[in-house]
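Same chain, two partners: subunit A is paired with subunit B first, then with subunit C.
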Partner chain A sequence: MTGASSLLEVADLTKRWPGAGAPAVDAVSFAIGAGERVALVGASGSGKTTLARLVLRLLEPDRGTIRFSGRDFLALRGEALRRTRAELQLVFQDPLAALDPRRRIGAQLADPLRAHGLVPRAERPAAVGALLARVGLDPALAGRFPHELSGGQRQRVAIARALASRPRLLVLDEPVAQLDVSVKAQILALLDRLHREEKLAWLWITHDLGSARIASERILVMDAGRIVEEGPTAEVLARPRAAATRALLAAELRLPPSDRVDQPLTAPSVSPRTM
Partner chain B sequence: MSPALARFARDRAALVAAFLLLGLALAAAAAPLLWPVDPDAVGGPPLLRPFLDPAHPLGTDRLGRDVLARLLHGARLSLTVAVAAAAASSVLGAAVGLAAGLVGGRIDDLLMRITDAFQTVPGFLLALAFVSVFGPDARSVVLAIAASAWTGPARLIRAEIVALRGRDFVLAAIVAGLPRRDVALRVLLPNALPPVVAYAAVSVASAVLIEAALSFLGLADPNRASWGAMIAEGRAVLVSEPWLSILPGLALLSTVLAVNLVGEGLNEALAPRRARP
Partner chain C sequence: MSLVPLLELSGLSVRFPAEPRPVRALDGVELELLPSERLVLVGESGSGKSTLLWKIAGLLPEEAEVTGSCRFPALGRAPVPGRDVGLVLQDPFTSLNPVLSVGEQIGEVLVTHRSASWSAARQAAVVLLRRVGIPEPERRVDDPPHRFSGGQRQRIAIAIAIAAGPRLLLADEPTSGLDTVVQAQILDLLDGLVREQGAALLLVTHDLAVASRIADRIAVLYAGTLVECGPAVRILSDPRHPYSSALVAIARALEAGRIDALATVRASPGEPEAAARGCPFAPRCAFAFARCRVERPAWSGDRRAGVACHLAVP
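After this line comes the complex of A and B, so read on.
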């Protein structure tokens, strides 16, 4: 734990869905320092997405505390919460669901620029074009609707929107699961540059240890709502202690090599999940 | 062409119905130019049968008034009243539903119980009561129909808003920092509206029928030609001269059928779940 200098400090966070037996997120505590890259791995249904939504306050926890930039994040209301979210962004798991089907890409990318008063109206089209170019997309896509884009393009739009308000912490829920290998590499390179140049920190949520391995220094392993193991990524994955970590490693070994992001990124074969 | 429009155009029945309605609306609007005969003037022998006299292609009624002119002017009244009533009930219903869905809690409960209360009274009875109090002119017929028809769109839009509130793209708009008002008006409302538009189209059909029924009972403006009133007048000579009831009946039937087909076509074309390839 990084203690007082932490950007995000979560303690004892608990959320139980009404009617459910066990909590979806059970007494979870962790911290992320400024500019630190942390991965959160776990099987489907282990509570990763619920945790992401709790951290963004899209859900209210039953118990626990969240401190962001030294402030009590759970105490923020209305305008203060809205303002603070500029620094704390989320990339959703399913980019098609995360984009408004009835609004053009450009309008949705302009949302954070307008909402946080970052770019004057006249300069917004250019700023939107720059955001698209930043994630390797043609600025002309601003005029398209989400359903006119491919899965990979949509995820890059979602990432561009999350980066628009210059966040200090990015929560990424399975950000590259839908991207093909070359786009994956491009997005990882972009995020890596932001990490180095702007001290962007992130919580990289995935069930795929390959992307966790290259996108994090520290890893949290989640199972049935609890953090069951944490430590430096290389160390944890080399010498796993928890059964959940070993199960994830065993699952990874059964995947075809082309699906593993830690293989050479120039691999000629393309993931079957492309598109 | 927008994707919704393209989907609508693929629905043959809806497209044919839309052109039929368009033709009817144009004919109704251009009635004074198209067939410049006074629908209320006694212009020929009474009870002239259709297709016998070119001066009165669809014949004349018991008073010798031209049936074609009365049908065209009846279309004006029916369509104007129906469209105005559907628009008024949609706007009122959408406002109530949006408020209930957005605010939630006690306001939601209160608004929905009021909606339930209105819904338990049969629409036609409410319209009857309304017209008998406020008099039988076109405006009170519109208000009477709207007063009984707003509950549909209100429930519809509330249900849409409640379902949309937890969807990822709405949460994403909140995360992007949009103020609550923008989330409501720029994101929630446009996504909740399509089923209401489709419902409004269908409710035009029931408004046409309620207007006709009120006219049939003599509760609409007696000085204006109306399909319902024509059927009522034809009833007296139904056995000997059935066309006097059949012709306005056919006009009513085809209009209601066409409006329903267009409404269903819109519903299919605008359904958000189908908006994805």
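After this line comes the complex of A and C, so read on.
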């Protein structure tokens, strides 16, 4: 997945925290193609969040290179950096932490439209409404504050905010980990639709193999700062080679096997007597 | 196993005063738990699962309006919180006292409820720390909570909850902040401890996969109403309420990596007034029909198994 088609190309990326023995991220190289969905999985402390922060340039690496859309991301300054940042957006685990509690949703969605000079002032309310509609929310929610929304609605707003600057790559850090199961299913379905409609690529960071299965074609497994296994998600999870991958699979909580797995959901037809 | 239930909830309803109208957190819950049985309450935000747990733990705020009953027949008296009933919360970062050593926090339970001396309590704390899997407990017993990892802190919270040898262990989302590997270890630890002690376990989670690891029986709550209850194996293989079916379908879709199988529950929970008369799940139910919107389905079953759905009534 390297070469001309790569959207993001990371090589030899290394970060050691002051005083720490082993690097938190140790000579990591990988690439993400345009429109490609990649999952980054690993246990707590494996270095996946540090790697994400390096990729977003929220943290400067000790060594290594990051190329985004063919440009040397680490060398970019000023206007060029700002334009590239617009194409590379982040969605956090906790949307409350990403949204300003004192400002209405509409104003917060208008920020990136203004900052990146994407939409003239007069057209911003309509553009905000369109953004909300794109993530399956009622445009009337623009007048609400974050605390008036449910957790699932807030995560949709956070996704809308990330989409506002028309990114080509999203970095999603455990975007569904705090959500209820039925809400999680809806957010996964929403992101899947956005990927298909907008050729959106992403790096999806999680310790949950269930969402990795749904949300990625390719998977990177991290352990002790290194990528220890990489390949097509279905293949890696069916035939894991690295000990870290096997440990994640062994710890995954699964329902007992059922012969009904492939049946579509049907109306329950039961009699209480058989209970 | 005694057939006298350890815990028996009958017509249990809880309301909280609020403007413009009281919030109905629980509505007519019928449930029982036998000694050494493991029951998992499955529900999402606002389902009332934490309210139910707090009621059983005796921790509901005074303004809560409670009707119906919550009894402990096998105990024959009101339980003493911390002694007869232990509680493990979701977040060990906030449930542990940051300025006391873990040994003092475990020891306090034994001094309070088992009349132990502080020196005996410290020795017992070392044994308990070992039992919950903290390495080198003799060396760690005087450390404060921040010297431990998130998973270890949850183990310490469990040690505190089991210290007095409770008959019932309550656990509110005990693994949701933890990563996958630690999550499985903590569930197995809880499972092992209640087996060893012959205690009953009531665990609350939004995750059916968590329930499947540990439950003898599963009870599914939606919007304060018990919608289905029964043996875990049966609920997971043959759910009868459309909401339980949807939860099972989502869990299986995640396991199989099938995005097409995810869209099983409608997005909007709907306005509360709309569901006030009918089935609370009707606004999101793919199978709702006219009757579901005007008539609340009755609980069909007993305190061990049943379902509340018009489609599940003959």
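We take it that the second predicted complex is superposed on the first by the 248 of 275 C-alpha atoms of A that agree within 3 Å, B and C clash if a C-alpha of one lies under 4 Å from a C-alpha of the other, contacts with A are read in each partner's own complex, and residues count from 1 in each chain.
Methods note: contacts are C-beta pairs under 8 Å (C-beta built on N, C-alpha and C of every residue); 3 or more make two chains touch, one makes a residue touch a chain.
Small disclaimer: the values here were computed from a predicted structure and weren't measured.
Visitor: Under the stated touch criterion, which partner chain does A:Ala98 make contact with: subunit B (first), subunit C (second), both, or neither?
Guide: Once the two structures are laid over each other on A, A:Ala98 reaches subunit B alone.
Visitor: Counting only touches as set out at the top, which of subunit B and subunit C does A:Leu74 meet: first, second, both, neither?
Guide: Neither partner.
Visitor: Per the contact definition in the header, classify A:Leu188: touching subunit B only (first), subunit C only (second), both, or neither.
Guide: In the superposition, A:Leu188 touches subunit C alone.
Visitor: Should A:Ser150 be classified as contacting the first partner (subunit B), the second (subunit C), both, or neither?
Guide: Touch status of A:Ser150: second partner only.
Visitor: Give one of first, second, both or neither to describe whether A:Ala127 is in contact with subunit B, with subunit C, with both, or with none.
Guide: After superposing on A, A:Ala127 lies clear of both subunit B and subunit C.
Visitor: Where does A:Ala86 make contact in the superposed view: on subunit B (first), on subunit C (second), on both, or on neither?
Guide: A:Ala86 contacts subunit B only, not subunit C.
Visitor: Is A:Ala251 contacted by the first partner subunit B, the second partner subunit C, both or neither?
Guide: In the superposed model, A:Ala251 contacts subunit C only, not subunit B.
Visitor: Please give the residue numbers of subunit A that touch subunit C in the complex, ascending.
Guide: That would be residues 43-44, 136, 150-152, 180-186, 188-189, 192, 207-211, 213-214, 233-234, 247-248, 250-256, 258, 260-261, 264-265, 267-273, 275 of subunit A.
Visitor: Quick one: which bits of subunit A touch subunit B in the complex? Just the residue numbers, please.
Guide: Residue positions touching the partner: 53, 56, 58, 82-83, 85-86, 89-90, 92, 94, 96-103, 108, 111-112, 115-116, 145, 147, 158, 161-162, 164-165.
Visitor: What residues of subunit C sit close enough to touch subunit A in their complex?
Guide: 44-45, 150, 178-185, 187, 206-210, 212-213, 230, 233-234, 236-242, 245-259, 261-265, 267, 269, 284, 286-287, 300-301, 305-307, 309, 311-314
Visitor: What residues on subunit B touch subunit A, complex-wise?
Guide: That would be residues 3, 167-169, 171-179, 182, 186-187, 190-191, 272, 275-277 of subunit B.
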